[in-house]
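See the structures that follow.
Below, chain A partners chain B and then partners chain C, in two separate complexes.
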Partner chain A sequence: MPTTTSSSSSAAASSSSSGNRQADVFSRLASSDPEVKLKALREVKNQIIGNRTKKLSFLKLGAVPAIASALSDADDSDKCNNILVQSAAALGSFACGFEAGVQAVLDAGVFPHLLRLLTNPDEKVVDAGARSLRMIFQSNLAPKYDFLQEKNMEFLFSLLNSENENVSGLGASIIAHACGTSVEQRLLCDAGVLEKLVILLDGSLSQREACLESLATVLKNNPDAVSHFVGLEGGRYLSSVTELTKDRYTRTRLLSCLCLVVIYNTSPSYFLNMGTKSSLITTLLELLNDPGQSGDDAALGLSSLIAEKEDLQKLADEANAIKNIVDILKTGSELQPKRLQGLFLSLAELCSKLEDCRCSFLSLQVLDLLINALRHSDANVRTAACICFKNAARSIKNLSAGHFTNDNVMLPLVQLLHDPASSVQVAVLGALSNIVLDFSAPKSTFIEYGGIKQLIELSKSMDPNARCSALRALRNLMFLADNKRKEIFFSDVKAQGFACLISDPEPPVQEQALALLRNLVDGCISSIEFVFDEDCLILNTVGRQLRKAPQAQMAIQGMYVLTNVASGNELHKEAVMQQLFPQGEAESENFMLKFLQSHESQLRSATVWTIINLISPSSPGALDRHVKLRNAAIISQLKNMVNDACLDVKIRIRTVLGQSMSFGDS
Partner chain B sequence: MPVRVEESNAPAQVSGTDPGNRSPLPPSSLLGAGQAFSGTQNVSNQQKEEAWRVNVQIQGIDLEHGYLCGTMEALNVPMADTPVITFWEGEIVDGKNYTFYTGKWEATREDDMRHWSKFPSFSPLQGQVESDGGRQLDLNNYPYIFMRWKEQYFVNVGTDCGLTIAGFYYVCFSCSDGSISGFYYDPNSSPFQKLELKTVNEGRSGFSFSSYELQ
Partner chain C sequence: MSLFRILINQLEEEDEEMATSKKVITREGWEKKLNAVKLRKEDMNTLVMNFLVTEGYVEAAEKFQRESGTKPEIDLATITDRMAVKKAVQNGNVEDAIEKVNDLNPEILDTNPELFFHLQQQRLIELIRQGRTEEALEFAQEELAPRGEENQAFLAELEKTVALLVFEDASNCPVKELLDISHRLKTASEVNAAILTSQSHEKDPKLPSLLKMLVWAQNQLDEKAVYPHINDLSTGKLEDPAE
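Presenting the complex of A and B:
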């Protein structure tokens, strides 16, 4: 192993003398005298180890190509071995945790030369080459390694089989870096990589850590591989990984936790023991306090572990996760974006399902923290903060108490609708969708900030997801809205615009547009008039869409639009009849018959409600409408459904048949 | 509600409405979010006959967790200048999340049975409930839904308004016509204050339905 033999540079050295020394080093690096060159290499290496500023300074001066030349010019003879070792070590140091350094090393074309070192007969050279390559493979910038090529797979296994811990560790690092697809996972497993990797679990610290990382990569979302891994030697290695979560080294604890998170997320059945789950959560929570990279990674690991899992969220809550995370966020120290992202995502997950968690989260006076995060320069942090807002705002109790309705919250959220990052835009639409559902306030803040206009703009986006999310937010905004708010919206979107939304090529967008319309025509009876604007343009569009045999979810919303319109006066009811029985169209089976036979109970229910409203006994034209429905075989269809599997549908059908009898139908 | 009592009960562990997914069909479409009800609560005591007009609106329902919530507006409250609105959370007796036995809010099993048995629709279930709390009953297909509604906070007035929300309601909802009956229970208030509500339609000749979807 190369050792630091020359003294490191003094921090107090003047910049001019330092500049002179650097220039001198460059000339010596190019020297034809191997001893001079070797000394220069050592000097550079020792100066840059662990010193990011020095790395950058040498990088700018072109040190990497100079060292690369030293490496490539040296042959494999014994006398050059020291140069090989020192140049490889220096290059590895440039690449260690420093992306610009990795890029420079790769640009200098040293990759094949470093690989060549692995076959050098001198163990020290092999070791230096392997260490340097591991540094490179820890970066995303490292070249993709094609496992599909047989010779590459053979080479990988030759690395894993090596007695040299850095070489076998390199093999594991290559897997962790380059295995990204299920095909690659399968190929590696078929070739027996798991059996090789588990051996490293018993190896040195660096082997163990590389092994844990690569195990997580191979096992991720791969139930077959997890099953195979768990079955190896009767579960011994799963126990080993679990045991390593108590290791004295922080990084080892973190990596073993992340490996268990992957195994749990892939095959939860291997984690039936609540104690294991609980201790995994506790360890991750402890790791959050690590100030370094492990703490950053632990935050994302925790959010991944508890995502969508109510039982684990309960355990995390019992372990006081919310308070722990909020305390870290409140320390005031500058946290890495990755850690902030992980912490906010973890909070978001904790608030995703459990009302108690939402309440305890909001009771910790966290809104200011969240608002600051909305303005963070890193898009991932802004996105995570929006998701956190969104999930906290799933609490009807807190929405109803008006906890989200103030300028400090609303303004930054509305501003983020313009965010250049699409992930932020999608996330903020989700947050606003929930927050506008504020039952307590007139929602004027959102409207004052131009929120409606912006949502209408986004409902015309090229991205169908953005259109869908914007319409969902508008739908929620119009839930139980007063006429004034409805007017503001409608005067902007206009009948033509609304008809376009309902005719969107994407069914989920149509569904949201119809759900929005359903809310628009609910409430005060005068709201129904919106659908008659521009010569019934909107109502005609709804009828046309329903006659096109739409998907069930869209049909449900469409039928509720008709239900709500049919709950109005005679004119409204007749207008609905026009859509159900359009004049001049060829006689075909009425679409309501299909809806009544749908497997979706909600669609059957919505259809029956339309009929109930059309033949409401208090309305003068009910009898005529009943005759039309009977002639279209709809009443007889309902008679066949008196024992519908859905209680609600069954009850409504009996209501219709009761009304039907009052019209003389038997 | 005439007695001021310190509220000390922690809210039950409940979840909000089911997010992300399409909201499941409520047990009755008349018990969906946005549905409104109107009626009275009889607050008579030995001194005088009195009934307050009451409006209720459902704001959220989550069948998976047996949860629903909404607001209750009392209109002609003598002590208040304005209508008093409270936010309440409800437990749906589904045999899975909640049984007929309250187990909190100072309600004994005897209190429970005394109140539930005031609903005529409860009598076919009484025997089973007395034997096992009703856990074996298939309440999904019963045309009445039994609930407990617990007011959590005042929405538009301070806690110093002279009213108390210490008690809770035993509630029975009829799936057929959407009518709601209830009895307010608070050991410190007049017993069996009856709540009677009917679904309202805002001057429409029929039924109308809104919906929202949480993300």
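Presenting the complex of A and C:
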């Protein structure tokens, strides 16, 4: 067709003409005539500024090394100044908000040359060099700056002391980029960096922004630095930062809010004033509506501010946070992954403790939004959505209403168990743990979709967090479960597999495995039989773990397993005795004595429960078992505990001693 | 700015005094009250200088500096550069304007995608205005289409702009306002504001917003009192209220 031909030929012509132009620029960049070279540099610079596509195509053609050699070839004489300015500006633009560009600029080895520009007598050259370096330091790819070296620290302070705003701003950017550890924070504070930074708070826009960012890095999780900062000139600078949350520039408002969030999370005592807290929340909520990067960052700032703080969650709820956030999620425009992550995490935090929040959240018809987020291409978004599910499902009311157990929710959640990212797996396990605790529904959807199988799979994961969360989900799934479900589970995991889980190298995993076993053997007599499979493999493993002087939390679950087994028939009780008093092992102090003396009241309670079940008078072997316990000094230990501080333990001990009396013990 | 607060506080006090009934204030009484407000001459001068600097009247600012000794908030040389950029856009030399902005501070267009798009759009409009259709199409395809891919709002604006090409006679085009000189002025003031912001300077002068506040305050006060008005802002003459 003629139309097609003509259009394709014209497209080809245009692309080849622009290709020629670009090739031509390259030869001019390498020209020995400084005028030609300068013009070519300016041309490239003006083509790429603001234009991502151009940056990429020039990058692919190798423009960065060409410009880098123009920079390194130029000497510091006056006539070269323009070349220095233009090449630095072009390199800075390649590095501006474009990671591939930063990499290329660094690979081209321009770093020392740009640093050299900072000492040039011409202010324009200094500006250009400082700007480009600042661009590079805004990227994570920028080289780590070693504050531990004295000469580096000196150089940093020479930057911060500079009259030139781009140079002092560069100093602040280096700190924001490279200060990561508490050692570095202390080093910088000792060297007086806070005193220097606060001066920049009164400086130009870019100085102020760089300063707020670096303040946040130096203060983060460092109470000493915070108290030092707050103490400077009687708290004047904390007020300055607070004042900047009302600034007319969005970015400044955001950065000052983030700085306050860091201070609050580090040392909450400086925020006694409720008004400050609620205005911080209101400002962050307003910033969420900013369509740009500030809005993205505000979302994560908000979630970090309210994380695990019920009072702030209440304030956020009063400021209508849930509705605000859901409205943004519902606008339908494409949101950045970072923003989605922050918004879902904020919602998750709001739903973590307050039942009212969970209800108002779920009343806004948000399930579809959440389900879509579960399928998002970014793992952080999927994780955040799972955490949101988990916390919303803490509402027993909504859980019982079956909001979460329908196929629309269950299928994507179960699918996420196969997620390649282990952070997602752990988060989805958390969500499922809560959802499978649904008392009313048969939980069959979950099982139908192969949920149990997948949970067992994950309980063998390389990631201990994933193992732990998978076992927690299974534990909830087996809570008051019927025999059929227990059979499905056990036939898959088998005694051997279970024994492995109980002997996992990580104590928290062992604890969850024992807690799962405790639920598994709870209920009818036939459930108890699981521990006798393959020559008592599981029970032996439990006994062995208990005898190894385990951590209290693990011992509690282990003792409850024994309690549940000891609630069975005579055979079961004797098997428990076998574990408590193994034959052929050296007579040492019985581990139950240690448990009874533990500071953990739950462990004392669990141990007493086991004893109650063992010597319950209705069983024929109770007397013999009582004798054994008395010989091991356990009964006398219990007598010492009749006034135990924990009411539960106290009552149980009285039960035991009552039983004991019936055996003629006084 | 302190002057701002003085005015507002004063008005608030007036407000409180007259909250109970609609009071009549004579010209004499009003002038007495006005005279009681102490304004520092330096503050007034700063206000004028702020206006001259922000609006880019560099020669007037220089002269004013000499006559009144008021220090401008920024280096007057930067005003000349900024005005050159503004003027280039106003004259339709957008490419020239872009180069000048990039010389001034390469970060401005690198970190402000909306402004960059609007400048490129203005370039396209100028090509269309000059009837260079082929070039316009190529430019739209090469420079603007990728921006449209990055941002939905830009795509919509781009489509609107390209629609200019469809009409033989642009005066029939529903988006003909794009060809209007006022659109150039709009783009020019956007660049102007961005440069001011990059220089940590407010993008709007304070004087016009103060005048707006004056009108607002008079309206508020009308509810509670009858008093001489300033109706003509250019003379600032007090006019007696209509009987």
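Everything that follows uses one rule, which is that the second predicted complex is superposed on the first by the 641 of 666 C-alpha atoms of A that agree within 3 Å, B and C clash if a C-alpha of one lies under 4 Å from a C-alpha of the other, contacts with A are read in each partner's own complex, and residues count from 1 in each chain.
Basically, a contact is a pair of C-beta atoms (placed from the backbone, for glycine too) under 8 Å apart; a residue touches a chain by one contact, two chains touch by 3 or more.
These numbers were taken from a predicted model, which means no experiment stands behind them.
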Chain A as common anchor, with chain B and chain C clashing or fitting: fit
Greater chain A contact set [chain C / chain B]: B
Partner chain in contact with A:S93 - chain B first, chain C second, else both or neither: second
Inter-centroid angle chain B-chain A-chain C after superposition on A [Cα, multiple of 10°]: 110
Chain B versus chain C as contact partner of A:G50, first or second or both or neither: second
Contacts of A:I612 with chain B and chain C, given as first, second, both or neither: first
First (chain B), second (chain C), both or neither touched by A:D33: neither
Which of chain B and chain C A:L480 touches, first, second, both or neither: first
Contacts of A:C646 with chain B and chain C, given as first, second, both or neither: first
Superposed arrangement (fit on chain A Cα atoms) - minimum chain B/chain C Cα distance in Å: 39
Overlapping contact positions on chain A, where the chain C interface meets the chain B interface: none
Residues of chain C touching chain A in the complex: 98-99, 102, 105-107, 109-113, 116, 138, 141-143, 146, 150, 152, 197-200, 202
Chain B to chain A touching residues, read off their complex: 11, 13-17, 19, 22, 25-29, 33-34, 57, 59-60, 67, 69, 71, 87, 89, 140-141, 143, 152-153, 155, 175-176, 201-215
Complex contact set, residues of chain A against chain C: 14, 18, 42, 45-46, 49-53, 89, 92-93, 96-97, 131, 135, 204-206, 248-249, 333-334
Sites on chain A touched by chain B in the complex: 352-356, 358-359, 390-391, 394-397, 400-401, 430-431, 433-434, 437, 439-440, 469, 472, 475-476, 479-480, 515, 518-519, 521-525, 553, 560, 563-564, 566-569, 573, 601-602, 605, 609, 612-613, 616, 618-619, 646-648, 651-652, 655
